[in-house]
């Protein structure tokens, strides 16, 4: 297969995007058909490329070592395949869900553009090319969020753009430092020890990666977007594409570009970020009253596991992190899609209004349940496997605190999904919504496919672990370390798994306690925790966006701008407007006063001048 | 041929009052302009002989007997003659329409021609006392011309002018007398020769000081400038143009530097003193101009400032400095002539010269506005107009002579210059038309024509500065740079 | 035709053609418009024909001796060709846009006269290889700008015009003094003869006054926001495309291409550039006047260009040169969008606008794309320029400077999106339809060009690379 | 000697008056007197040429003209008819002619000015043989003076015409 196929992998979705953009809004079905077919073709292409393994394409681009350099190898092929798969599912789903959206033309256009950029980012083998595609995704993200058509959509879109921009600019800085220190931009040629400037480069690039993945503190636009953006966007971007890309890059950073040692400062920083993300986000998720928002906080929380796993820098942890990435993409995508399905039929996602939909929407409920259990890490689903690997990895680093944090996360994850599932699909049928029925097949089908995948990846974890994950780590870890993680993947009988299961039981207990306390209303199940003394205040502050770095950052920017404007720019202008003019006026005024029209005065000057001239000349002659 | 520069205007002037009885307007207009056009033509014809010979000496014989009527023409004088003829022709063209409401054109033209004859004479004579005499002739004519409007302001200004001018003349005369006493001669060549052999530095120094004061007053160098801001604005616009454009240069700068360079010889000490005077004038007058409300007063102060530049260049004494000073003299003559004529147009159009009352004329009187812009930018030294090149040359010369401080002040003053010219532009032309001036119409034909000619000169000299420089400036500068050798080789 | 002939034509067609504009205007309205467009178009086409010469990489020196060594020297090399293409092209687009925008204004003769003089002088400046002629064209541009800024003749407008003229003229004459200092040192004004000459810090400082005042860099920048009173076409020409690039171009031509400047000064310029960028971005965040925001944004972006040139690594230089192109396209687009909005709503305060995306979608989208380009988001052109500048800065070990520059980029994002949100989104406050096809067409084509310039960046990049290698060759 | 001192004192006093007086007419008159003294001093100091010039041009003609014009004109430019003017004009005019005539006569007849030079002779000789050119200038001055009179008095004539 010619290596130009790589170029076409990127160009094809872009061309499709343009075609879809050009199809007039009035023509029905054509757009959906093209989209589904094209994404199907891409999915097929993904398989094709995955079977190819190694391809590379280099051509001149900007000069100075900035080449148009694409490289397909195992890892990128895997991510590419996953991306194409999710694109296909989203297209399928959107065919019905977004059918009547007023800006449907743009929607598909942006979708495929985003796909194109993502493929580019995955295939890039030159940092500049990478950042080109990487940052370009910001625009599609921005545009897709505005398609939510809510009053606050644009605000959220700007938020995502600025946060993303900040992260990407950090990454540019990191790349720049890396380039300055190594002298090359080819991604497969760089491998440095993270010391000194390189450590700074590591952190900066890491910010770029985890920022894309949505780890704390760069997550705050995601919960907002959950309400303001189309739900299919949530399934598409924060749930799947961005996680895949962000963790892909994080893995590349820690495995390829830098040699991250287990237990080193940088690794610990990464783990702290992971652990903090898990715990803080899950606490936020727990108390949410909106289905989509709850899911969005989980989308943040789960990133913590991936970051934590990769941060352990221990093969099993890394593998767990990467595996968790793909697992998370599947079940979170499924969860968002099922929330979309509920929204599609009922028009709302508020937990309070929903209830007992399982009978009317059985397939959605089924899909949701499987995915929810997977995310909670219930045996034998995929979430269980990857989380166990992360726990193992975290424990092996010798800092059990991180494992504990991860377990705390597991407790509340399950608790919140119990709450969500209980409120939406089970329990008594809500009276606030009219009778409804199951969504159309194109909506349900993707959910079910994802649910099935969750089960498959859990039960037959050998398949993903051996075909996808293991080759990534080959050659990247010290010799002799076992790379077969399947042995204890579904092992229930070890202390780690025991603790995990204990966590699930605690979660169950918490839920039912809260449910009872809340007058048997499932959506109030989290209230006991919400109302705990200190937590309550923290929750309130966080509702007021006190902890939102973006809000604080914006305030800082506004403050800084005012300072710059009032204390630097205006004073400079004052010099031109007032100081210069008034100095001129003063001198002129003084001189003008001297010219009072008196002849005697004038004559005096003349004579005085003469005397001075004579005196000077005589002085000079001496 | 050279003699015609003095005789023709004098003759015409003598007969004009009589002719004025016959024809009040047409004949005086035609005669004056024809005479001046002839002079201009004449001066252009003289370029070639000067180029080949370097100088021309002419003695007039009368009835076969050689009378002691001698004139000397070199590059410097020719340059001045050309400038005088050019600007005065434009001024007289302008006067055709402008003088309509003053009346008595014949008288006006007669005085005007006397003044020109005197200036031409001053430029041509190789004799100290004759210089003084012609200076006085020009001055007398100018006193009357300043007061030509007969308003009380005009008379007061003219009186002040006269009173200060007389002081200057007295000192010039005194100095000439002393030099005569020292050398026993008055012709440039003999005096130059005589002074070389003489060791009387102190006395000579005082003489030079008197010259500086006397001619400096004529040239309106600060602190001898006070008469100018009253006199120049009071005169009718064409006369303001003549005074600012030519008279201060001829009877001030030409006389001073001709004597200093060609007769006495410029010592470094003197050069420093004059440069200091020049730079003070540049700066102080620029600041003064900034505060003026009356267009012509502002222009008058601007003249002082620009004379400062000219003196700065000439006093520097390097060939480049002299060239720059002379070039600026020419450019200032044309541009300031233009601006004063232009102020006349404004007064003709609106009846006022007060900047605060004017506004937005640009749309109504495009020619006046456009030509004013050209003149202003030229004086301010904005390329590609002529004034830019001369200022550039002066500043280059200053930097080459390591006079960085002077260069810096000269540069900064040119910002001030632009500032006050922009004030004129803004308040008079470049803005919204005031209700009051909705009905105004463009100045009459000849006024506009004179403006356009001068504006074109400013522009074209800027664009084709090389030929102008080579034809006019460079021979003049060489003549001055040769110092006293220039007059010694005349062989009178 | 030989490149020399083309260059002379490129300079003199607009300069002499300008003189015919008022005459054409006296005959008929249409003739004048046609003539202006013809002159602009011809200039652009001719400068485009110089591309092969640029790709050859060498340089051609053409000179004509004049008095006092003030020779007219033309340097035809990739850098000058690059600049001339950008300037003439954007100038041309702006003439076309003006056909609609200026349709009902008074003084159109003067307007087109000044615009063509502007373009011609710009061409002259770009190609001149003599300091004095550089200054000459520099000031001719200042005159044109002055008339154009005060075009509407309101009292305060004219005051602003005067301010702009005075500040730039003041800076320029001080720069002239610097030139003359160099002349005192070398005895020539001819840049070709002065290559590699080390000049003193004083001369650098004096020359910087000129560059900074023309390119509106802190602390000589405040005239630029004030100049926003001009017709929008003019501000586009002034702020975006051409005028403010003059100082930058002069920097490249003088300090990179010709002279050796002391290292301390270079460091000083770097810091000033990045601070200028930051301060202006701050001011842009605070302002509420549509055009003032954009003007401050220009000041901020110019800071990047100066940064790129002053760190003087090949990456940074090519980034800066690319920046000239990308910023020219995008900022012209932004200003012209602002023009359409202001023309339609008769308001300038963004707080009084809103929801205009509903009535003028093409303008809104064009604005957004151009804004993205200015922010530096791929795949738009602005991304590459900003990226290369910052990477180049890092290569020169200016880590904190680069960090500050990136921080400014975040601020840029913030204020441009704020403008977009306040003008085009939210509640519709003043319904106003989009304007004439020529205006919207130009805006849209600038937006599309910004996108294309990003996607096909390798083509302009080749030219930039030629220029950079040319410059870098002299550096060594 | 005493005469000279008196003259010098007079010169200074009147000069100062000319400078200090705010009334222009009085100032001009003082100037005329001062110039007169100066001319006489020149004359006594054997510098008759300068003396003539001073008296004829500065003290005489021009000052008188100015006194008259100033006197004729009020601030608003209207013509002011007063007795003093009628008296002053003839007086000053006659005075001027007398003094000028006397001085010229004595100069032309007996004073050997410009003693240095090959052909020392009477003033007339010098004037005609050596300094011919100055004659042209003198003609010019007289012409200028006459024309100035014509110009500055035209307003009066106009008023009479009306």
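A, B, C and D label the chains in the order they appear, each numbered from 1.
The rule is simple: contacts are C-beta pairs under 8 Å (C-beta built on N, C-alpha and C of every residue); 3 or more make two chains touch, one makes a residue touch a chain.
If you're wondering where the values come from, they're calculated on a predicted model, not measured in any experiment.
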item	value
Per Cα centroids, the chain farthest from subunit D	A
Chain pair with more C-beta contacts, A-B versus B-D	B-D
Centre-to-centre distance between subunit D and subunit A (centres being mean Cα positions), rounded to whole Å	101
For subunit B paired with subunit D, centre-to-centre distance based on mean C-alpha positions, whole Å	27
Between subunit B and subunit A, distance of the C-alpha-averaged centres to the nearest whole Å	78
Rounded Å distance between subunit B and subunit C, as computed from the means of their C-alpha atoms	43
For subunit D, residues contacting two or more additional chains	19, 27
Residues of subunit A touching at least two other chains	599, 603
Residues of subunit C engaged with two or more neighbouring chains	none
Residues of subunit B touching subunit D in the complex	6, 10, 13-14, 17, 67-71, 103-104, 107-108, 110-111, 114-115, 117-118, 121, 125, 127, 129-130, 133-134, 136-137, 140-141, 143-145, 147-148, 150-152, 155-156, 158-159, 162-163, 166, 169-170, 173, 177, 184-185
For the subunit D and subunit B complex, residues of the former touching the latter	18-19, 24, 27-28, 31, 35, 38, 47, 50, 53, 57-58, 62, 65-66, 69-70, 73-77, 116-117, 128-134, 136-141, 143-145, 147-148, 150-152, 154-155, 158
Interfacial residue positions of subunit B with respect to subunit C in the complex	320, 323, 360, 362-363, 377, 381-384, 388-389, 392-393, 395-396, 399-400, 402, 404, 407-408, 411-412, 414-415, 418-419, 422-423, 425-426, 430-432, 465-466, 469-470, 474
Subunit A contact footprint on subunit B (complex, rising order)	160, 163-164, 167-168, 171, 201-202, 205-206, 208-210, 212-213, 216-217, 223-224, 226-227, 229-230, 269-270, 272-273, 277, 284, 287-288, 290-291, 416, 419
Residues on subunit A engaged by subunit B in the complex (per definition of touch)	584-585, 587-589, 591-592, 595, 597, 599, 601-603, 605-610, 613-614, 616-618, 620-621
